[in-house]
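See structure below.
Chains: A, B and C, in written order; residue numbering restarts at 1 for each.
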Amino acid sequence: MALDSKIPKGPLADKWTNHKNSINLVNPANKRLIDVIVVGTGLAGGSAAATLAELGYNVKAFCFQDSPRRAHSIAAQGGINAAKNYQGDGDSTYRLFYDTVKGGDYRSREANVYRLAEVSANIIDQCVAQGVPFAREYGGLLDNRSFGGVLVSRTFYAAGQTGQQLLLGAYSALNRQIGRGKVKMYNRHEMLDVVVVNGKARGIIARNMITGEIERHSAHAVVLGTGGYGNVFFLSTNAMGSNVTAAWKAHKRGAYFANPCYTQIHPTCIPVSGDHQSKLTLMSESLRNDGRIWVPKHMKDVEAIRAGKLKPTDLAEEDRDYYLERRYPAFGNLVPRDVASRAAKERCDAGYGVNATGEAVYLDFASAIKRYGKEQAHIKGLDENDAALVKQLGQDVVRTKYGNLFQMYEKIVDQNPYETPMMIYPAVHYTMGGVWVDYNLQTTVPGLYCIGEANFSDHGANRLGASALMQGLADGYFVLPYTIGDYLADDIRTGPISTDSPAFEEAEKSVRDNINHLINNNGKYSVDHFHKKLGKIMWNKCGMARNEQGLKEAITEIAELRAEFWKDVKVPGTNDEFNEELAKALRVADFLELGELFAKDALLREESAGGHFREEYQTEEGEAKRRKEFQYVAAWEYKGEPKDAVLHKEDLVYENIEVKERSYK
Amino acid sequence: MSGILNSSIGRKFAMALSALFLMIFLLQHFVINFSSVISADAFNNMSHFMGTNWLIQYVMQPVLILGVIFHFVMGFVLEIKNKKARNISYAKNNGGANSSWMSRNMIYSGLFILIFLVIHFIDFWIPEINTKYIQGDMSGLLPNGEYRYYEELVHKFAPIWRVALYCLGFVFLSLHLLHGFMSAFQSVGANNKYTQGLKGFGKAYAIIIPLGFIVIALFHHFNH
Amino acid sequence: MNLTLKIWRQKNANDKGKMVDYPISDISPDMSFLEMLDVLNEQLINKGEEPVAFDHDCREGICGMCSLYINGEAHGPDRGVTTCQLHMRMFKDGDTIYIEPFRAAAFPVIKDLVVDRSAFDRIQHAGGFISVNTSGNTIDANAIPVNKHDADDAFAAATCIGCGACVASCKNSSAMLFVGAKVSQFALLPQGQVEATDRVLNMVKQMDEEGFGNCTNTGACEVECPKGISLENIARMNREYLKASLKG
């Protein structure tokens, strides 16, 4: 099947408006006759479910957590971008579009990104109307901060908990519809398959995670907002339950999976402390607004610090290497995430890491505390030369901006970041790749839609900070609810979809077979044993820097590990009860397939772009080297084993933006 | 407005209002009793006024009794409901880590106060009603022509057992008030910039008033 | 570190359940509490026993999924943290640690340490929202200036993660801190005024129907709340409720 991205004709700025004007609509009376399933209740799924219900569709929403409010969007910290230009610093829809495409290293779809930038302003209006308590200035108007990879302040935020506040906004909209009976909410349910009837997605198979019951749910269309697959690395900043299963089952039922190798390794996370570690914790990118990243300039100081003989605060300014400021004077500490991550890795690989494992750099707030302190002292008419007072005032400012992050850091590391620099290191954070969708957010399976992080479209090879929240809400509130109508307009006479068809039978049986196999396997090792092994392979060979040999090894090793998993995994308990190990096993089984496709995709992409860095393809200065012949989306079609997946290319055409060497110098 | 007493917050509000009323009564009671330490005449005059004024006797007294009964009944009702809200208790609970002993044991301090009140009723209120309304002696005078109130007071505080019980009752009242005072204000929604100040005042009230009652009892016990 | 764990085990909602002892050794003080339980579970699985079921997800203190009543306190002895942020350095070698589910009639146990907190969801279905359509055809965000002080207070109330520690810590299993925070967030914002009366009445009604106890202002909830939600929010809810009752 040839890929048709269905990008509307016409000038870039008019595409979305024209498209909305020309697509089919479903009249309000008929919407009542149509059911839509939404899987996942994060920013994308939650906002989509609420909006679809409000439009009049009957919605069934599913989440594996005990409440929709716990979806992992809640953990997003820094902020959400919007081209409001409230600061009057020259921002515009075009500039947000431009920054996003450039930040994504020219590997995203122009029309989608422009639409994202266009609706971004609406998101803020919507959220404020819902009562989302964004940070404000003393005049009562909204405040903004700046994020990596851009030269304007367009990020709206709520302390370090923006994702939480936005999700609670979407959740409140969802609650309103649940209260009205327009959304039927299924908590603690995991989707285990998509049901395709006569070529159209018509339902899902889900497992009730409390009773173990396998349930059939039908609908006229299915929407997946199930997030990213960063947990394929075992250690990531994702929640423990975040998984690829829904997206992967969709893939197995015919949805192409695009650019799986585009993974974002976030530069500012708390370093790994030991083998017991179960997950990694992000320290928001917003910290780079005020924190300066450095390692010691001299190896003797590195050794002294590691041995505990020297405190970082005692190291003189001239003995510190603020390597981002040195290498990228224009953007300094605010270079995009991929660039910052690789720079940290470069320093640590050279031996300058500042903790016992050698994998940590400093993020230092001392100068920001001093700057803010002096400012406050001046405002309050106090003595600007009183160092203790300035420090106190400065710490207060930093506390209001990032208090929750500093507290989180202190609890985990047992060091006070107000007094000593934080230690940070890159960690897997976000996956730009995902289920391939066209301009309407429809996958290659008719009636199956994919939104938010789970799809691939808007961030190219690297996502800019504060863009994920924007995309999730844009898809859920403003894009999908319109575009899905175009498809559903043909379904007004279909009537309820029966769950007794052979397609449902078959899907349920395959789910049951899988579960029975796992439960009865009685192998030797726990699920985590395999997951950790997979994570090691992924991190070492498909991580921040990749090469041909490593990727080839990864492909073989993952395939072997998968075989071992099915042979030797041990899942205690039974199916018909609350069984966390079974849930984990089902997820890891899918990660073990995805991981291989990931490596295969990375091997194919013989270039470096954004989060995908191939050691063979770098500039003399060690920067990512894009290649024109790879200016396409790699969409994979499932053919049994990951190694047999068939590649389809969607060429990326840039008509409104000049493809340039990405430079942040 | 209807059915407000069926809601949790409505009950809590009613509980607080009755508490605030009782605290005002307590203050008034204290002022009169304390006058006995300073001047027997002042005490006699005030007592006679309180004991014979129709507004106090026929309006305020029933309101007070109703208030007391309501506060106790509602307290027990809420306690039972609250106990039911946790059907299985913790194997280990460290309540002291997050709340005061007083706040967790209002029901017990309340029960002690109830016992005290019952005795107080039998000991003081019933004889008083007997004298005034059954015997019909509204004069407030002893056979020698003097007011009987101060004499009776002194007489009551003579036995050590009554003084001891009296003191114990007020210790529990103090414990009850140490949580109850601020709790009542919080329940009616008063939590603002004045709260810190009010907390200090509440503590002072909860200690000074019961202590004052104890001082009165001891004063008369040891002075006569 | 070597520890003795006393853990509540309960097969399902109908099982009676009991405390069971588990010795555990070689625990690093840098582990989080849940990582310690991961170690225990790995050992149980390898021994062929059933692992202990507990709720958890983000493991960074924001999703509110983790619970646990540890040594008599919700989220354990540390302050301002959820169980996933509690680290083993808070304990000493040789300690005995009690681990129980959050207890409340309104939070029935599903299995072991996992409880059903959907009562919180239902309270919010009853009114935890502002009824604006999600069409995006709203007024410009800056057309509604909000006093910074109120905005900050609304935000502070909105940081509630809905974990249920307030209910678990309260001797009465009262949910008033949670509901107070929800009511306050909207009560403090101009956008929330239109529906203020119905919101507080409906949410309190649902709260009562769920079987939570009444508040006696012990303040335990505020102390144990991992997000430091203030008692002021309960007072505000009380005011809002009385206002609404007089009106409606």
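Operating definition for what follows: contacts are C-beta pairs under 8 Å (C-beta built on N, C-alpha and C of every residue); 3 or more make two chains touch, one makes a residue touch a chain.
Nothing here was measured: the structure is a model prediction, and the numbers come from that model.
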Required steps from subunit A to subunit B (each step between touching chains, minimum): 2
Central chain (by mean CA position): C
Pair of chains joined by more contacts [C-beta pairs], A-C or B-C: A-C
Centroid distance [mean C-alpha coordinates] between subunit B and subunit A, Å: 62
Inter-chain centre distance, subunit B versus subunit C - centres from mean C-alpha coordinates, in Å: 37
Separation of mean Cα positions, subunit C and subunit A [Å, integer]: 26
Footprint of subunit A on subunit C - complex, ascending: 11-12, 28, 30-32, 34-35, 38-39, 42, 44-46, 48-51, 53, 55-65, 78, 80-81, 85, 87, 89, 110-111, 114, 116-118, 120-121, 124-136, 138-142, 144-148, 151-152, 154-155, 158-159, 161-162, 185-186, 189, 191-192
Contact set on subunit A toward subunit C in their complex: 47, 50-51, 54, 65-70, 72, 74-75, 84, 86, 119, 122-131, 133-142, 158-159, 161, 164-165, 168, 171-173, 175-176, 178-179, 185, 187, 210, 237, 239-241, 273-274, 276-279, 281-282, 404, 407-408, 411-412, 414, 477-478, 526, 528, 570, 572-573, 577-578, 580-581
Parts of subunit C lying in touch with subunit B, wherever the complex brings them together: 6, 8, 19, 69, 71-73, 77, 98, 100, 103-106, 169, 171-174, 176, 204-205, 207-208, 211-220, 223-224, 231-232, 234-239, 241-242, 245-246
Of subunit B, residues touching subunit C in the complex: 1, 4, 7-13, 78, 81-95, 97-100, 103-104, 106, 179, 182-183, 186-192
